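The structure under discussion appears below in the form of structure tokens.
Each chain gets a letter, A, B, C, D and E, in the order it is written, and its residues are counted from 1.
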Amino acid sequence: MKVSYFPGCTLKNKAKILDVYARRCAEVLGVTLEEIDNWQCCGGVFTSKDEPGSKLSSVRALKFAFEKSQPLVSVCSACHNVLKQTNHLMQSDEAFCTKVNRYMAEDSAYDGSTQVYHYLELLRDVVGFDKIREAVVNPLKGRKIAPYYGCLLLRPSSVMQMDDPENPTIFEDLLRALGAEVVVSSMRNECCGGYVTMEKPEFAKKKSLDITSNMQAMGADMIATACPLCKYNLDKNSDAIPTVYFTELLAEALGVKEECDNA
Amino acid sequence: MQVNEYKPLIVAFCCNWCSYAGADLAGNNRLNYPADVKIIRVPCSCRVNPMFILRAFQRGADGVIICGCHPGDCHYTSGNYYTRRRMALLFSMLDFLGIERERTRLEWVSAAEGAKFAATMNDFAETVAALGENKRLEDLRCKK
Amino acid sequence: MQKVNRDVLLEKAAAMLDAGEVQAVLGWGAGEFAYDVTPRVFETSDELRADFVWNDFCGANLSKYLVSKTKKLEGKLLVFLKPCDTYSFNQLLTEHRFEREKVYAVAVPCEGMADVQKLKALAGDGISSIESTDSGFSVTTIYDDAPVEVKGADVLLEKCANCKSRKHVAYDELLGDEGEVLDSNRFDEVERIEAMTSEERFAFWQGELSRCIRCNACRDVCPACTCEKCVFDNPNSGAENKAPTTSFEEQMFHVIRAFHVAGRCTDCGECSRVCPQNIPLHLLNRKFIKDINTFYGEYQAGAEEGSRAPLVDYTLEDLEAEDVFKKEAE
Amino acid sequence: MQRIGVFVCWCGSNIAGTVDVQAVSEALKTEPGVVFFTNYQYMCSQAGQDIIIDAVKEHNLTGIVVCSCSPRMHEATFRKTAAAAGLNPYMVEIANIREQCSWVHKDMASGTEKAIILGKAAIAKVNLNAPLTPGESPVTKRALVIGGGIAGIQTALDIADAGFPVDIVETKPTIGGKMAQLDKTFPTLDCAACILTPKMVDVAQNDKIRIFSYSEVQEIKGFVGNFDVTIKKKARFVKEEICTGCGACVEKCPMKKIPNEFNLGMDNRRAIYIPFAQAVPKVATIDPSACNMLKNGKCGVCSKVCTAGAIDYTQKDEFINEKYGAIVVATGFNPISMDKFDEYAYNQSKDVITSLEFERLTNAAGPTQGKLLRPSDLEHPHTIVFVQCVGSRCAACAEKGKEYCSKICCMYTAKHAMLVRDKYPDTEVYVFYIDVRTPGKNFDEFYRRAVEEYGVKYIKGMVGKVTPEGNKLKVRASDLIAGKQLNIDADLVVLAVAIEPDKSARPLATMLTASMDTNDFFTEAHPKLRPVESPTAGVFLSGACQGPKDIPETVSQASAAASKVIGLLVKDKLKGNPCIASANELMCNGCSTCANVCPYGAITYIDKEFPMFDRTMQTRRVAQVNPAVCQGCGACTVACMSGAMDLRGFASSQIIAEVDAICR
Amino acid sequence: MHNDSRKIADEIILRSGVNPRRCMKCGKCSGTCPAYEEMEYHPHEFVYMVESGEVEPLLNSKSLYMCLSCFACVDRCPRGVEPAKLVEAVRNAYLRQQDNKHMNADDVPAKLDDDLPQQAIVSAFRKYRK
């Protein structure tokens, strides 16, 4: 199966490894991530709907996938949030949709019918965790991992619709399929303070510490996340336990980590 | 000789439980409204068939008003909700045919609203009087 | 020109008749002229082969006849239904007007039916023959040997020119391909009248309704008018009158009739098709349909069997009668 | 042709002051049918009534028109007068020339003119009147109460007390309902079991009451006075009449790990069980999903230890048919699911509990024998946070919470907080509230006592998030009055969960043709004046099935419902209002339109044969109005296209005659 | 001045699509807000002040830049009020006025470290200037 893939700016720079693992693992699981031509940065944050200009890069990516009749997949939580929210507006807000299509002035209009998946949803809904469980060659036995969702994957829940926003299980289910022991912390959907990391680093640090110390107290020896900004914050602000990308754990379990690291 | 002042003829259908009692209350409180208004008692506003309204117009009524319990207060729980739909559609149709829309009205008057009943009737009688005689319904079929 | 031709319908009906699967067939029969095709019940395949018609003049909606015809039969009745007819079919079922088990419904796709009045207006009176061509009709009259070529699109029945749906909503068997619900402009004319002043509307309707001769054709053909006894025939109803002895019913006949079918009318357009005075009666029905859609949400009578008609339903938040005109102004 | 007498009342000067009564009676004498006319000072007086009676006899009157005050005032009086004169009471029509004429118009000329017109309309109508006799239907003198909680218990006891047999249908193995699970009751703090269990025993011992426990209502047919009900008695695999409730079977049952629903899963029961010590009926029930014998035939211990021989593994569901005159719905409530509110970590920590679970934790018969211990480690909690309005007043999204106020939470939370402080003064107790709602006798005093005497910390604000960490629950909340965000390390968090109607209510409402609101609470016949009756005749509402209620309110409504039922059952026959709808079968299309608008479910359809012109018979579906159920609103008469449906006493022809008379 | 303030408030309500009248003042938003301590005006106060037209203090408050846009208040509000969207609309109302910006490009290099992901810079620009 082939899907359209929106890597996003961070995955091309500071989080290259997140991208490499994601592509390789998808290959192993029978999915090809086809990078969108000439994609542009999503903007990093979804701002109010009266700014259609800031949503155009997302709409272009969505339309690209639509024309190839493929779902649009991203790994970065921020990209996924912006794409999904933009797509939702295109579906539900006629005035916004019209305005955006006029801006774009392309031959055909886009109406929000692309299916937008986060990589986790791709694994759950398209590949299936059972299939992943079978594909695991290197189970993460004895590893106590706390999944960390952050805000962007789950909220606003009425739009994101990934999972129950207060008690999600998608991440846990994946880690269990990889053979890990999952540590569930109710801080898994608390904000790490990501967006103020430049504005007020000491505040971001406090927020991150709240999370890492809770996860440590709950018995975790590692945190898994999908978001580069979350990883940056949690890693920078806590020496106690490391934070890793979930794709790294996936690559390890599927036995392709080393080849990725050496690539 | 006295000039005959034009007096409109107004038929008011009132539901027994709210509006008819409201009309009684207007009487108890001696609140005046024109004698042009003649009330017909029905158990519920939903008993008013559009045919009754058309019949009144045909027989020379200049205005027809239907009064019932406020939505949510119907003695029969739901009768006035049906009335609301029926009359909304009927009034819209009469307007579509070019009949003055001010000649028909639907009002919710509770048993406690004697004052509202009188005020409504005064206002309606005035409105209809200003329109003058009801000619159009009579003339609808006869092109002169 | 219809996509499925007569033979397909004929063979289907004849085979079922011969096999005894149905007892009779309700279809269209030939009349005196090429264009006066009328509803007819066929009891043998020979009758069918002789007189069964399926062409561009089969505008008649056969659903209504099921009410009386099924009662007369022990066995099943095969009926041919165009897309718009199936809406009436469902509506009648919703109202328990006939038994579904006694009917074998054969759905026929329809490309639109021709209006004889329009044809005559273009080709002249005294039509002696009509040939279907690719683009329409070749019409010969008794006054002229040279046929007149008429474009099919120019002579569509009003109801077909503004067809709301080519999708059948009920049937046992479909001949040919299924169509789709269309996005028609059927409310344009209603809107045009709404935009007039009250005086203009009055003048318009006075002009139209004053032509009415009270022949009752509109009522008699209407698939929503299947009452055991019509109020207009009932001396106790307060609305009875055949000949206009009082002016009441004369003035009110059309309003009452439209109100009686409000929320039940599927907009099959039969009333206007049969009116000998060419009164656009469908506009009254469409006004109700349009109002219902704007006031209470989209509703298509007959789209679904068993749906609750808007006039026997309500919500606590329905708009008030006085707000009707505000809503329309929007 | 009617022979009509017209009687114009002066009402002293009330009418005669503005209306020339002489002129009115003179003007009306030439109306069709009028054979007698007179006027009198007070028609409603005995002398006035005698005039009417004499006139009826003397002139063989068949109809009476009284031009007087409002029919709402004296219609009943004049109907009795007509009956006394030997006339059908429904041959009387009133022209309202006082409230709607003389009192609202000033000058004599227009008042008189209008009075004449109103008189003419009444005459025109009475010309078309027909004698009406109220329909009668027999009343089965037995009541059914659906639900065996405190509402159902109280209703049943009150009905039985009046001498009528009552059946209670309860889905659980015992009656008692939610109240049986409670510890203390507000605002008096008496123990729930102490006041409820004697009532349960009363029910069991009352020979007028039958209890169908572990049973469900399967089907309801019929109408007021004549309901026909099928009750499914689920197999409990124990012969109820033999079981002594000794509990030997329970003790020996090897299946020990079945979550105990009576203690909300906080401890375990056996596969054969008696829900609690004071259960009524006190008989064992086998849970078929847990019993090894029933699942695979391997066990049979209970049968061996039962000396009475009450165990019957072959028992089947049993169906009972019974007739009832009245049905009382008392299906009660349940707390809503907390699945969508996991910001409070209910699914993540055992120490986040609902208030009902808290009741069990403080109840002497509960899983901790009444000691307040944390479920996770059975330690004594030192800091307890109560959160109010969890899922109540929640309008954000329908599948999450309920838009209404659950009404009981403020008071039971105050009770819980107070009891904790009373028993364990070393405990810090916080209550987070949006508003404290305490309308009720001694309610606010009770809440203030919790604050002032017991030192419960009431904080205006909501808890936003609960985070389990180690053996603590980190509670983050706002204190709106201090303008602070609070972070409290709590040991126990108690959620005042919204309540909703029991899930069985909706299918039951369908069976009863009783109406419900969007929240699945039963609606009343009138929200103010008929609060314990359903709009469906013969169906009554008791307790929280109609809306959130506390115990005092539930009990008073239960007794009110019982009194309504008794009022119905004492009648041998039900006399209906004769002004009801009826269908002319010859004209009826059988289209169901009328049944769709009928708020009472009074219209049904039958297939009936009719002779045709050609002497054949034709079967048609036609409407039948049940005279015992129809209330006479007339909605059906307008919905009916063919005019087959008409309303007696307000027939179309009568109303049209009035219109004509007024417009002439 | 008062009128101006009301006008700005109405504009904020319109652009955010938030109806502050739905608020029942329960404080759950502020009870849930991870940035509460850093804020001078808290989520429920934003809602209340916009509703009452008192937006001037909000426009000039540092609280606008402390909101983490984590949407916890939006998800947990029992009335569906969406305070975070309101905070954003107030921020936009300020930033869209001429010359108003909260971040200068010149200040950015000093804030960077080797690991800072690009998205932090991009989103800061999007949030803090127009």
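To be clear about the criterion, a residue touches a chain if its C-beta (ideal position, glycine included) is under 8 Å from a C-beta of that chain, and two chains touch if they have at least 3 such contacts.
Quick caveat: nothing in here was measured; it's all calculated off a predicted structure.
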> Does C-D or B-C have more contacting C-beta pairs?
Replying inline: B-C
>> Report the chain ID whose CA centroid sits closest to the centroid of the full protein CA set.
In response: D
> With chain centres set to the mean of the C-alpha atoms, which chain is at the far end from chain D?
Replying inline: A
> Which chain has its C-alpha centroid at the greatest distance from the C-alpha centroid of chain B?
Replying inline: A
> Where the CA atoms of chain B average out and where those of chain D average out, how many Å apart are those spots?
Replying inline: 36
> What whole-number Å value describes the gap between the mean CA coordinates of chain D and chain E?
Replying inline: 48
> Distance-wise, how many Å sit between the C-alpha centres of chain A and chain C, to the nearest whole number?
Replying inline: 57
> Of all residues in chain E, which are in touch with two or more distinct other chains?
Replying inline: 72
> What residues in chain C touch two or more of the other chains?
Replying inline: 231, 237-238, 311-313
>> Quick check: what residues of chain A touch more than one other chain, meaning two or more?
In response: 166, 190
> All pairs of touching chains?
Replying inline: A-D, A-E, B-C, B-D, C-D, D-E
>> Quick check: in the complex, which residue numbers of chain A touch chain E?
In response: 8-10, 13-15, 41, 43-45, 47-51, 54, 76, 78, 151, 154-157, 165-166, 189-191, 193-200, 203, 207, 228-229, 232, 235-236
> Where on chain C does chain D make contact in their complex?
Replying inline: 71, 94-97, 226-231, 234, 236-238, 260-261, 308-309, 311-313
>> Which stretch or stretches of chain D touch chain E in the complex?
In response: 343, 389, 393-397, 401, 432, 434, 460-465, 476-480, 483, 485
> Contact residues on chain E for chain D in the complex?
Replying inline: 22, 24-33, 36-37, 42, 44, 72, 76-80
> If you look only at chain D, which of its residues touch chain C in the complex?
Replying inline: 586-593, 596-597, 605, 618, 620-621, 639, 641-644, 652-653, 656
